[in-house]
Amino acid sequence: MKKVRTFLVIFNIFLLVMLLFGFVSTALAADPTGAETLKENAEAPVDYVWVLVSGFLVFFMQAGFAMVETGFCRAKNATNLLSKNLIDFVVASLVLFAVGYGFLKGKDVAGFIGTGNWFLHGDSYDVGVYLDFFWQLVFCGTAATIVSGAVAERLKFPAYLIYTFFVSLLIYPIYAHWVWGGGWLSKLPFGLGHLDFAGSGVVHTIGGMVGLAGAMVLGPRFGKYGRDGKPRPIIGHNMALAALGTFILWFGWFGFNPGSTFSAHHLRIAVVAVTTNLAAAAGALTALITVYLKTRKWDLGMALNGTLGGLVAITAPAAWVEAWAAVVIGIIAGLIVVAGVYFLESRGIDDPVGAVSVHGFNGIWGLLSVGLFADGTYGVYSIEKPFVTGLFYGGGLGQLVAQLIGVVVVVVWAFGLGYILFKVMDLVFGIRVSPEEELTGLDIPEHGTPAYPEFQRQRTTLINAS
Amino acid sequence: MKKVRTFLVIFNIFLLVMLLFGFVSTALAADPTGAETLKENAEAPVDYVWVLVSGFLVFFMQAGFAMVETGFCRAKNATNLLSKNLIDFVVASLVLFAVGYGFLKGKDVAGFIGTGNWFLHGDSYDVGVYLDFFWQLVFCGTAATIVSGAVAERLKFPAYLIYTFFVSLLIYPIYAHWVWGGGWLSKLPFGLGHLDFAGSGVVHTIGGMVGLAGAMVLGPRFGKYGRDGKPRPIIGHNMALAALGTFILWFGWFGFNPGSTFSAHHLRIAVVAVTTNLAAAAGALTALITVYLKTRKWDLGMALNGTLGGLVAITAPAAWVEAWAAVVIGIIAGLIVVAGVYFLESRGIDDPVGAVSVHGFNGIWGLLSVGLFADGTYGVYSIEKPFVTGLFYGGGLGQLVAQLIGVVVVVVWAFGLGYILFKVMDLVFGIRVSPEEELTGLDIPEHGTPAYPEFQRQRTTLINAS
Amino acid sequence: MKKVRTFLVIFNIFLLVMLLFGFVSTALAADPTGAETLKENAEAPVDYVWVLVSGFLVFFMQAGFAMVETGFCRAKNATNLLSKNLIDFVVASLVLFAVGYGFLKGKDVAGFIGTGNWFLHGDSYDVGVYLDFFWQLVFCGTAATIVSGAVAERLKFPAYLIYTFFVSLLIYPIYAHWVWGGGWLSKLPFGLGHLDFAGSGVVHTIGGMVGLAGAMVLGPRFGKYGRDGKPRPIIGHNMALAALGTFILWFGWFGFNPGSTFSAHHLRIAVVAVTTNLAAAAGALTALITVYLKTRKWDLGMALNGTLGGLVAITAPAAWVEAWAAVVIGIIAGLIVVAGVYFLESRGIDDPVGAVSVHGFNGIWGLLSVGLFADGTYGVYSIEKPFVTGLFYGGGLGQLVAQLIGVVVVVVWAFGLGYILFKVMDLVFGIRVSPEEELTGLDIPEHGTPAYPEFQRQRTTLINAS
Amino acid sequence: MFKLEIIVREERLEEVIEALGEIGYPGISITSIEGRGQQKGVQEQFRGRAYIIPFLPKRKIEVLISEKDLEKVKEAVIKAARTGEPGDGKIFITPVVDVIRIRTGETGENAI
Amino acid sequence: MFKLEIIVREERLEEVIEALGEIGYPGISITSIEGRGQQKGVQEQFRGRAYIIPFLPKRKIEVLISEKDLEKVKEAVIKAARTGEPGDGKIFITPVVDVIRIRTGETGENAI
Amino acid sequence: MFKLEIIVREERLEEVIEALGEIGYPGISITSIEGRGQQKGVQEQFRGRAYIIPFLPKRKIEVLISEKDLEKVKEAVIKAARTGEPGDGKIFITPVVDVIRIRTGETGENAI
């Protein structure tokens, strides 16, 4: 309780600072009206439209995550999951606006961090900066929201609030600076530097690895492992929500990937849309068939995970590969998802919705695939040379090495900081709800509000039945 | 029954007139093909794309309203709420097409009403007019649908049909004419005239105030107040739908506000997207924290209302303020929502989903905030001077006065006509379902169709338990 | 089981071929980067944005179909319906990419079939081709998914997999080639050839007629007809999903129709958006009122069907008619839906969600309406003459004849091949689940996963009660 | 000791619970059931076609009472549940051999 | 008077209800239960992992009958509910002290 | 023969079922009920306003047993269900006249 109050005090100071800060200067070196920018570049409107509409689609992925995670968990935690999926984007919006965006896209300091753009005020009050901020924000929000799935059904709500604060203040913006803000990873002397077109690494591996850290600090949910130590399924309560959420995510991904050219003048966006879609389809079918071969059931849940795995994997290479390569990338992504889910379960790590396999593992695969399949038809967010070329297209090992380095860095950074963050919180105030609250479900103890007061009805399952 | 038949007869005559009318003239003074318009303005395509895509997003808000309202009410009224949310847009489409759009955007008569454009026929058969009509329609549909939340769970379906007829025939188009159609409010001799960028007043205050009128004529739902007169919560049946709906609305608002430049050549759209988003986030967090401080619960329902409140408030000022101001506007919006909900409840007014607080009260706050925070960087739907400037930026009281006048007018107009409309209907045929129907829920008596025949299960709550 | 394995083997060979094929050539005669295309047409970006964003909206219709069909069926088959709605788009993506798109848009052979573009490789690796492929794909996916509604609650999942394979390999691409790929129907010597602006016939009649064939081969669901032979309603489990799905479809249709200009430079897109919307509204209101007059209930389910019927009907004429004509087309569509549902039921054909009436019958009506209402203001995907003119606008019978021929062809082609496909599968391995599985619901026997393990509760209905 | 199974209308449940509480029986169990007596079912409709639901949702209250309170309880319940229309419900009185309070192990009258 | 608790398969519910109606007992109460006898449970699967649901959904019909009709009712129910496979269900016969029709206050045989 | 109606906490259901299985009574029926004894209800909140749910979800196990096993069953159930806090539940013991296994027509002890 006390910690929460402390948090609130900090939040208010933060707002106050923001306010004071806000009034200080009105001298505008930038172009808030947009008239200058338009004069300089008469072609800008179509790019603005493209980036904004794509950004709106990415925003909508928040709804997708909320539905998938809620559908894959139990009804008694639905309000909690919905609340977390709302609040992470809310906190990311405010924190990135105030400070995080400065770390991400401010003036580069030693390749490590950016500085400036605070509160989007003063010189930052410019249509171009606002456009870029909006784009960075919807991506940061996506990274933040991935974690809620991995820590679902047991993490305290205030701990989640604090986590979202730090992920959007530090973990995400600094790493994103390294790759997208002109930081050191983008300048690696291999290939064209570490490349991550739309964020397999920056967004998904970050989210997946922080989620893994969270799941490990928390331990498995009550009932996830039987007295014999064997994993037991804990059954999602609503497949309609899970499927709807997956469709929404797939839809949103058409903003996520094609929009990442940040320019409609790269007609390559058509290729990106196609590769994105094919990887999703290949991931879905592969996961469906793999589980069918194992269990003789057409497993919808895993097919949905496979779809998302394909989407995550294609996110890094989407602009640099052609259609057939996207299919191959998607097939492998489908296999990774299935294997990842079984692997984590067998290691005692409880990831209720498969977030680590979908986003963490496939984020890594996506980064690597750039070094393999890039076919030399698109540059670094540019339709001019140099073009990105991977191993299979005679580009040698350079790009692959750059990708490998990025993989190591993102895993260490995200898992490391994530682990420290959750561990410190756990030591300070305990991040897991009490066993009674976990049994009742988090909805009533933490939020007071059952998600479905008129529907709920338990079905008897015996955890220790064979 | 008889009244319904009368209504049907009128409806058919209306269709017939439309048909006859349709065949009369084929002389085309306008440009239905779009070839002329394109020749005159080679830059038009990107504006058309921008306005249409934004309009599609606004349309999609219908789904958002349907889900929020249905989720916040009881399962036994779900079919009814879904039906109302479908039919209001349907009726608005047909009525606005036939006549309402003429009142809104036809040739101005004395600053009070427009005339012409009937049935989008003859001279109105023009790509530019059709574009504008589409845009006006999705806004009118939004205003209409807001009311269904405030009158939920007790208003007869035929009464709702008639209400939607009049709101889209008269209440909305005439007021919108005053502000957006070149009417008298837009020409007030204060500031730059009354300004309402995307419709905090035109859409949301109208909807909220008509809703308030409806709720007052109807009286509270059975069980809303205990024998002791104290308010009792009536619990929404599906938080997943409510959250999904809020995300859809937030998504749609990115069409609502940025699209309201009606031009992609105003790169200011990037600023509008950012301010819209920040106000939503600030509203959500403020409502969440406020209720937490009061009840020690993280209240999802109120956080969703807070999100929407922030969005409503930023709708009028979105293009005229910078990021930090949007945060402040959102924070105040969050407080207004919470206070509004408690206030109405304490006054015996039963607004099942919080529509009046979210749309009515925050619509007013949004209008006023233009007069305070407008910072002189954007004009009246123009990137050329004169720019709109509020009190805090040295613009003096002029704009604030224009806003205040608009507030008074919209409240009197919408509440007044709304009250008369519901009261007259109530006297003529009674707008409230019978007590038995209210107890059973409206779904079966009015529609025949239970929304969830396989899920429903009552949980025993005692209204008069302490 | 064995058949499934055969299918998997084929699928793997298919992937292998694809892979090998993929590596063969890297000589690029085409423009994968998009730089050339941009140089040739500096105006291309806005068209690419328009087509892609519209395509994304069409993709999102998959979610709409999934929700409508699931909501209109019983909870015990929800996982199955969701799985089918996922997998049809997945299979369509992969099959159209590999071969189907070649049949559709490859070099025309005798007006019957296309050839080339295999695997989008070699010369097809071009931004323009990829854009077109993406557009064709989302349409093919829509046609495929319509069928799942008509065969719901009894078709085996593997049979559905095979069906989707053939529909996206042959049935859809070849017919689409005839109309949109430069095939013989588009060159009929009547009017301007057979015209189908956005696919009332190509997409919806195909889907509806294959669905009809499937429903007839399968026979009605257990319990659909009482011992007395009279039809009994089988009640959908979730009206909220059905309504949400309808809103999503309506939203997606704004991509489907306006996007079908394939150019933002046709400002006529504004007209298309308006006609699309008005037909939907007219269809909804007509269906609602018609059923009200018959049963004195405001029937939400039929109103939703009416909305979709209006949308299907306007799909062929959307660009060629004006607003009032769209209203008339929508009204008739609403009547057709209602009559179609009762008619099929009375003939012993069990179409659980009304897919045949909505898509099949109204697809036909849409095609015919072009020959009646086209008003000579838009050409064949062109703002230049010749313009399309129907009977009521002095165009004579030519266009109507061309439309009639198309109707006959599409019905024979789709129903014929569909019937053969389902019949052959039925003879080979039986396409209907066992009676026990049908009683239990398909979710657990086929997929293992109940959709709502915590909600389900049977309500007792007596099939043979009066 | 008797067990009363009291079947009531959904909308009268609250009154009956309060009546039981007032005469000393707050401890009860409630089950959701469907039932049919002389009251007729409900007509519903889906996508244009009507059908009858022959059973109506009812609530069953189970309460354990002392033999001495039987008359008092019967009266209170009837008063609270009666509307006079078909569908008011029934009370079944069944014998109970013994009752045990699990928390304490008490049995018989003490455990009610 | 006896109360019969008849536990049946979901798919036989309708037949049993009709059988009861035909021999003069249309008035019944139905509860959704889960049960286990000698019939085994169902295997399900979620995201690739299988599990067993040991209990199956069953329906319980409760009906109050006159002692004289006991044999007739038993026979009718068995005929309507039996498939011969495990899971057919059970009939429990319990004594009832009295029954009251709330609407009229009638008791005993008249209130059945 | 007795019918035991065992009302337990949701979180103890599994233990009680296992205990019954171990002493030879795997065959049971389970119903979801709401109940109130001396345990107090739960406070919830919706859109800023709190309310009390006076009844808690409980599970009722019904099991038919031989008279000779009564003590054994009682003990096993109490051991498995007891936490010592209010809300542990109750056991009602009611007489059963007869039981029939529908599949075979067996009656009496053989049909349990």
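The chains carry the letters A, B, C, D, E and F, assigned in the order they are written, with residues numbered from 1 in each.
Keep in mind that, in the parts below, a contact is a pair of C-beta atoms (placed from the backbone, for glycine too) under 8 Å apart; a residue touches a chain by one contact, two chains touch by 3 or more.
As the structure is a computational prediction, the values presented were derived from the model and not from experiment.
Could you name all chains that are in contact with chain C and with chain E at the same time?
Chains in contact with chain C as well as chain E: A, D.
Centroid of chain A to centroid of chain F, CA atoms only: how many Å?
46
If you average the CA atoms of chain D and of chain E, how many Å lie between those two points?
Computed value for the inter-centroid distance: 19 Å.
From the mean C-alpha coordinate of chain A to that of chain D, what's the distance rounded to whole Å?
52
Going by the touch rule set out above, which residues of chain B reach two or more other chains?
In chain B, 46, 49, 53, 235, 238, 244, 295, 297, 299, 301, 447-450, 452-453, 455-460, 462 touch at least two other chains.
List, in ascending order, every residue of chain F touching at least 2 other chains.
In chain F, 30-32, 34, 44-46, 50, 55, 94-95 touch at least two other chains.
Which chains are in touch, pair by pair?
After working through each pair, the chains in contact turn out to be A-B, A-C, A-E, A-F, B-C, B-D, B-F, C-D, C-E, D-E, D-F, E-F.
Mind pulling up the chain A residues that touch chain E in the complex?
Going through chain A, the ones touching chain E are 72, 231-236, 291, 294-295, 297, 299, 301-302, 305, 338, 341-342, 345, 354, 459-462, 465-466.
Which of the residues in chain E come into contact with chain D in the complex?
Counting only chain E, the residues touching chain D are 3, 26-31, 64, 94-103, 105, 111.
Provide the residue numbers of chain C that touch chain A in the complex, in ascending order.
These residues of chain C touch chain A: 1, 4, 8, 11, 15, 18-19, 21-23, 26, 28, 32-35, 37-38, 44-46, 48-49, 52-53, 55-56, 59-60, 62-63, 66-67, 70, 78-79, 82-83, 85-87, 89-91, 93-94, 97, 119-121, 125, 127-128, 130-131, 133-134, 137, 157, 238, 241, 244, 446-457.
Using the touch definition up top, name the residues of chain C that touch chain B in the complex.
Listed in rising order, the residues are 43, 46-47, 49-50, 53, 57, 74-75, 235, 237-240, 243-244, 246-248, 250-251, 254-255, 258, 264-271, 273-274, 277-278, 280-282, 284-285, 288-289, 292-293, 295-301, 303-304, 307, 322-325, 327-328, 331, 375, 377-378, 383-384, 387, 392-393, 452, 455-459.
Enumerate the contact residues on chain D facing chain B in the complex.
Interface residues on chain D, with respect to chain B: 10-11, 13-14, 17-18, 30, 32, 42-46, 50, 57, 59.
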